[in-house]
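We call the chains A, B, C and D, going by the order they appear; numbering starts again at 1 in every chain.
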Amino acid sequence: MTDTTSETVRVGELGPTGAFERKAQDAGNHRVRNLLILAFVAFAALWPLVHENTFLLTMGTLVALSVIGATSLHLIIRTGHISFAHAGFMGVGAYVCVLLVMKLQLPFAVSLAGGAAAAAALALLIGPVVLRLTGKYFVLVTFLLGEIIRMVFVEWTSMTGGSNGIFGIPAPYPALAEPHAFYYFALAAALLCVGFCARILTSEVGRAMDSVRESERVAQCSGIPALQLKVTIFVIACALAGVHGALLAHFLHYVDPSSFGMVDSLNLVVMNVIGGMNHLIGPIIGSVFLTILPELLRGYVELQRVIFGIILIVVMAALPGGILELTARVRRLLASRRS
Amino acid sequence: MSTLLQVEGLTRVYGGLRAVGDLSFSVGQNEILGLIGPNGAGKTTVVNLVSGVVKPSAGRVAFKNEDVTGMAPHLLARRGLVRTFQATVVYGDRTVRENAMRGAYLTLYPGFVATLFDTPAAKRKREAAEALVSELLDWLELTSVADTIAGSMPYGYQKTLGIVIALAARPSLILLDEPVAGLSAHETDQVRDTIKRVRERGITVVVIDHNMRFISGLCDRVVVIAHGQELAQGAPRDVLRDPKVIEAYLGKSYAAARAE
Amino acid sequence: MTRTAWKAATIAVALLAGTATTYAQEELKIGAIGSLSGGGTAWGLALQRGVTLAIDEATKAGGLKIGGKTYMPKLVMYDDQYTATGGKTAADRLVNLDKVKYIIGPIGSPPVLASVAVSSPAKVIQLSNGFAPAILKNDAKSPYNFRVMNSNVEFGPAMIKWLHKNYPAIKKVALIAPNDAVGQAVIPTLVEAYKANGIEVWTEMYDRGMKEFTPLLTRMMAQNVDLFDLNSNAPGEAGLLLKQARQAGYQKMIWQVGGPSVDEIINVAGPLADGFLSYETFDFSSPQAQAFDKAYHAKWDGIINAQAPGWYNAAKILFKAMETAGSTDVTAVRDALMKVEGYDSGMYGPVIWGGQADYGVAHQLLLPFWIVEVKNGKSTIRDKLTPEKR
Amino acid sequence: MLSPIIIGQVIVNGLSLSAIYVLIALGFTLLFGIMRVVNFAHGAFAMLGGYALYYLYGKYALPYPLAVPLAALIVAVLSLVLETLVFRWFYQKMFQSMIGLLGLNMALMFSSVIVWDVYERSIPPAFSGVLRLGGLILAADRLMVIGIAIIALLAFWLFMTKTRYGVAMRATADDVEIAEAQGIDTRTIYRLAFLVAIFMTALAGGLYAQIYALSPFMGERPLIVAFVVVILGGMGSIPGAALGGVILGFTESILSTFYGAAVSSFVSFGVVIALLIFRPWGLLGKPE
């Protein structure tokens, strides 16, 4: 077993952190932030009323669902680890929930809890072993782990339907067959998830997470049980990923391994990276960006990917804090002009 | 004076190489013990072994009469044994106060569910931690820089902050790993005063350094190690005259010349 | 007049002229879904190009005359990235944003199943191609979706029966298939068909993306098989399997109940491809194929993917049904589609709908197919078969 | 199943797989060893090498021994532009490099789709015969790959140990600051290492495309292979890449032949995960 002391991905690697929190501590900024949050929620709630187009509603639902996945991954990232297996845990949640609904005819709420619990259980099994690794090796291990989980979905045909997946998944409840209803349902789930994550991050747990990420050795010597904390957060985040997967399967009425592969894990990571990894708002911006952008650029399928790739390079090379840092920089620039 | 920390036969082997071999010493209540030795003597390994960062290959560490050999650092911290680090590892992007608050985790943390719901117990703990931190910052005259970003402060301040973080865990013994490495003479004197004041709080101190002048002006007793082995133990003045120690520090020829 | 103003005026005129021509006849949006990125891109492009050729033809003929009006068909195509989520989003966008009434594609079970779940409730006609039987066989009885190409359920049994008749000595077959949606859907039906003809079967699955099959082929040769069936392998992998099997010293018969990928196999395996037998969806040597080939290569380079004529055919059948219905109303066109049996787009002969026995709904287009053999690096027709109408 | 012929064939297959895997992994491990960059765009450079060989050998029919190194050299030299525009930003930043270069991979892959279309092409084989030794069979092109792999490894080793630049490279890999203090121009060394790494990757990519198939998406497999081999052997270690390639080649040959493809994938991934957990620096790498 490797040293538990080896440092995790250091703040330096993830870009300057804390700038945002420091600002957020100011009372004035607090109000601005609350107003922004309120405006965002109001916009999301009124979104379906702006137009009657169900396509935009579908987009809204997909954004809301991926917010769950991205913010839950953000929790793991805030402990200093970047999981490339998150979509695998989504898949575990999705398959278990769908199988409980379809094979055992359990009510959706129970099955959803079952799916989340299954993802959490797997995380609890794996977490204590893999979370001992330093950040970069953790990336590599989860990269392969996600692939193994996907391969299990493909191989275990009797349970998962193999590559052909399981189709004809009913709406969670008859009322949710209606797109508007499902949108609000997904939105509520996303808000709950974001609220929960925000609460964790602003609590003493969040402070301990920041300590562990910034300097695991010092944190441990202050009595913070680093591994235990990281496992706890990993388990919670994977359970939320399971919820994401289960809701997505019930939204698409279909589940197959191709939704839970490398590319999907990567998407969740990219959402965090583009939005900014140092604040919970990052993955939310990232989810909106990554779900909407491909739709805006749909006419230029190949070009879209090229542009997308270039954006990734630029963000990682010049803006390690993601879009969030861009806004912070612009603000600083404006402030320096004014003074 | 009762024994607080007892180290017996501590050994650590790295791939056939003995970094620390069969080292024994003890630290009494409210003592300042110096652990000195030339560069590469295995001093930091000793700290790592005692503080649970590295597991010993053999030997025993007892703290407050409890066997704590190989115990994880956070569990040792709960028992009152806390260390600092040689490099200035503070949370560089945070304020001084926030750094100290993080050190006060044991006072502060009310449990997972309690903190999420911010229960009255959680509030009480937070108030206690804030009081502790304010008192510590006050006591070490850091209140004026409490809202400064730690990484932007001079080196000496950061070293002191490292000690504050350790003290915030309310230890009964602290292990200081090279607290004056890289500091100016003036800053070194300040840190020495700080450590002396730490002892006045009833805390036992183990200091690791290779700076003999600093150690001899500070410690009640010193343990000299070289090549992971104990060379001498005793009061600073006696130990520093020991030819074996002089040889280890200054080389054989110098020791021979002095002996003549 | 300054240069900028002159430019602006030119642009304005051009825009006016543009709108004028568009409004002369009514535009008719034809939705399409296919993979334009990722592993299934070759198929997505085949679809895009096949349908484009049919639309070009209709445009050249002055548009579609439907119920006294003239419509100009226009292709609106979205990428599904060969995934279920992509299929659903694309269908959603076509149905709800572009308000199309007809969708051609996608290809592959995951995107088809996910997009049909959007199009059928919205009463949008969808002509797709995926091998999963559930695409047609479902509780809703597929009110608006049709499968416009043979699946292995159609061509597999007929081919294996033909094999048993022509090569009675074959007693054991090896199937090496990709562990993906197609492979997993195809293998059980093929195994059943071989067993029905008294042929023993040995199967092995590999992960998509694998390129080195020599160890698997060594494993296969230890089984003493008389025949190696490339079944549902994508063209590239089928070529590699054949090449590596021959390089590894396998000398018995190789054929493919699936694909078809004859040109790609010849391309990859060169002289090693000689003697290879395959399913073929299209007789590229026929006169009507020459016209298609010419039209295709006037616009694009490279090998024509074998699905392209099929998608051209599907679009032509859809246009015919609209003209027959005399209306663009979805239900009328749907009913007319069932009535165009006997119409010939010039590619495959008269339209036949089947599948009642297999799927409970006769929404399976039955296309004739060919068995070809590679001789001296050229694909030559061995036989022409027609799926049973059940 | 366990006849001597099959066992012999398993060994021959393992040897030929190992050669390909070693070649593919060399460039990847060099970039990591010296610049601490996880080159997720590895597959894209291999793909570009494939297209270069396609033009030089397939289209313009240059003599094969000239076409192979020239194709790789062209890709490597042109890629220096990307070194300046992209890679330079990610040196010594392992984490950012993973995601940024993933972006580069995407950009290169889909630019290639725009330029070359998606369909698979094939590069005509240089040798088409098969070698028969008793009952054992080895395709001639595989024998050539084995030869090239051995030459490449030897050349690599000589370059790194005997030449001034190689020694400077190793010094830079050990500690950038000390190397700079000793007067090594690390900027030049980085560019040189980049050139060599991309040359190796493009060379391997050309051979890979010739043996298997050429398309804009062909790089996915080489990336995974490089990844697994390099983790096995130790990130940044060149003997490690050789050892890792041989282990993966033989494991795959043995397991696929006797237990099938699925078992082979599960086992190789499982072993690599176990290795990462218990010995993350690989078999021959240095612990940090």
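Basically, a residue touches a chain if its C-beta (ideal position, glycine included) is under 8 Å from a C-beta of that chain, and two chains touch if they have at least 3 such contacts.
Just so we're clear, the structure is a prediction, and the values are computed from it rather than from any experiment.
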Touching chain sets, computed without chain A: B | C, D
{"item": "Partner chains that chain B and chain D have in common", "value": "A"}
{"item": "Of A-C and A-D, whichever chain pair has more C-beta contact pairs", "value": "A-D"}
{"item": "Label of the chain whose CA centroid is most distant from the centroid of chain C", "value": "B"}
{"item": "Middle chain, criterion being Cα centroid separation", "value": "A"}
{"item": "Centre distance in Å when chain C and chain D are each reduced to the mean of their C-alpha atoms", "value": "36"}
{"item": "Centroid spacing, where centroids are CA-atom means, of chain A and chain D in whole angstrom", "value": "33"}
{"item": "CA centroid of chain A to CA centroid of chain B, Å", "value": "40"}
{"item": "Junction residues of chain B - those touching two or more other chains", "value": "none"}
{"item": "Two or more partner chains touched - positions in chain C", "value": "37, 179, 207"}
{"item": "Residue list for chain D, restricted to those that touch at least two other chains", "value": "110, 113, 262, 265"}
{"item": "Which pairs of chains touch, using the document's own definition", "value": "A-B, A-C, A-D, C-D"}
{"item": "Residue ranges of chain C in contact with chain A within the complex", "value": "36-37, 78-79, 82-85, 88-89, 92-93, 95-97, 109-110, 113-114, 117, 132, 134, 138-139, 179-185, 207"}
{"item": "In the complex with chain A, residue positions of chain B that touch it", "value": "48, 51, 53-54, 72-75, 77-78, 82-85, 89-95, 101-106, 108-110, 112, 115-116, 118, 122, 126, 149, 165-166, 168-169"}
{"item": "Chain C-facing residues of chain D, complex", "value": "1, 3, 6, 9-10, 13, 16-17, 20, 110, 113, 117-122, 124-125, 128, 130, 137, 139, 212-213, 215, 217, 220-221, 224, 252-258, 260-262, 264-265"}
{"item": "Interface residues, chain C side, partner chain D - complex", "value": "37-39, 41-42, 45, 179, 204-207, 209-212, 214-216, 218-219, 222, 235-236, 239-240, 247-249, 264, 267-268, 270-271, 301-303, 305"}
{"item": "Chain D contact footprint on chain A (complex, rising order)", "value": "1-2, 6, 9, 13-14, 82, 129-130, 132-137, 139-141, 143-145, 147-148, 151, 155, 266, 269-270, 273, 302-303, 305-306, 308-313, 315-318, 320"}
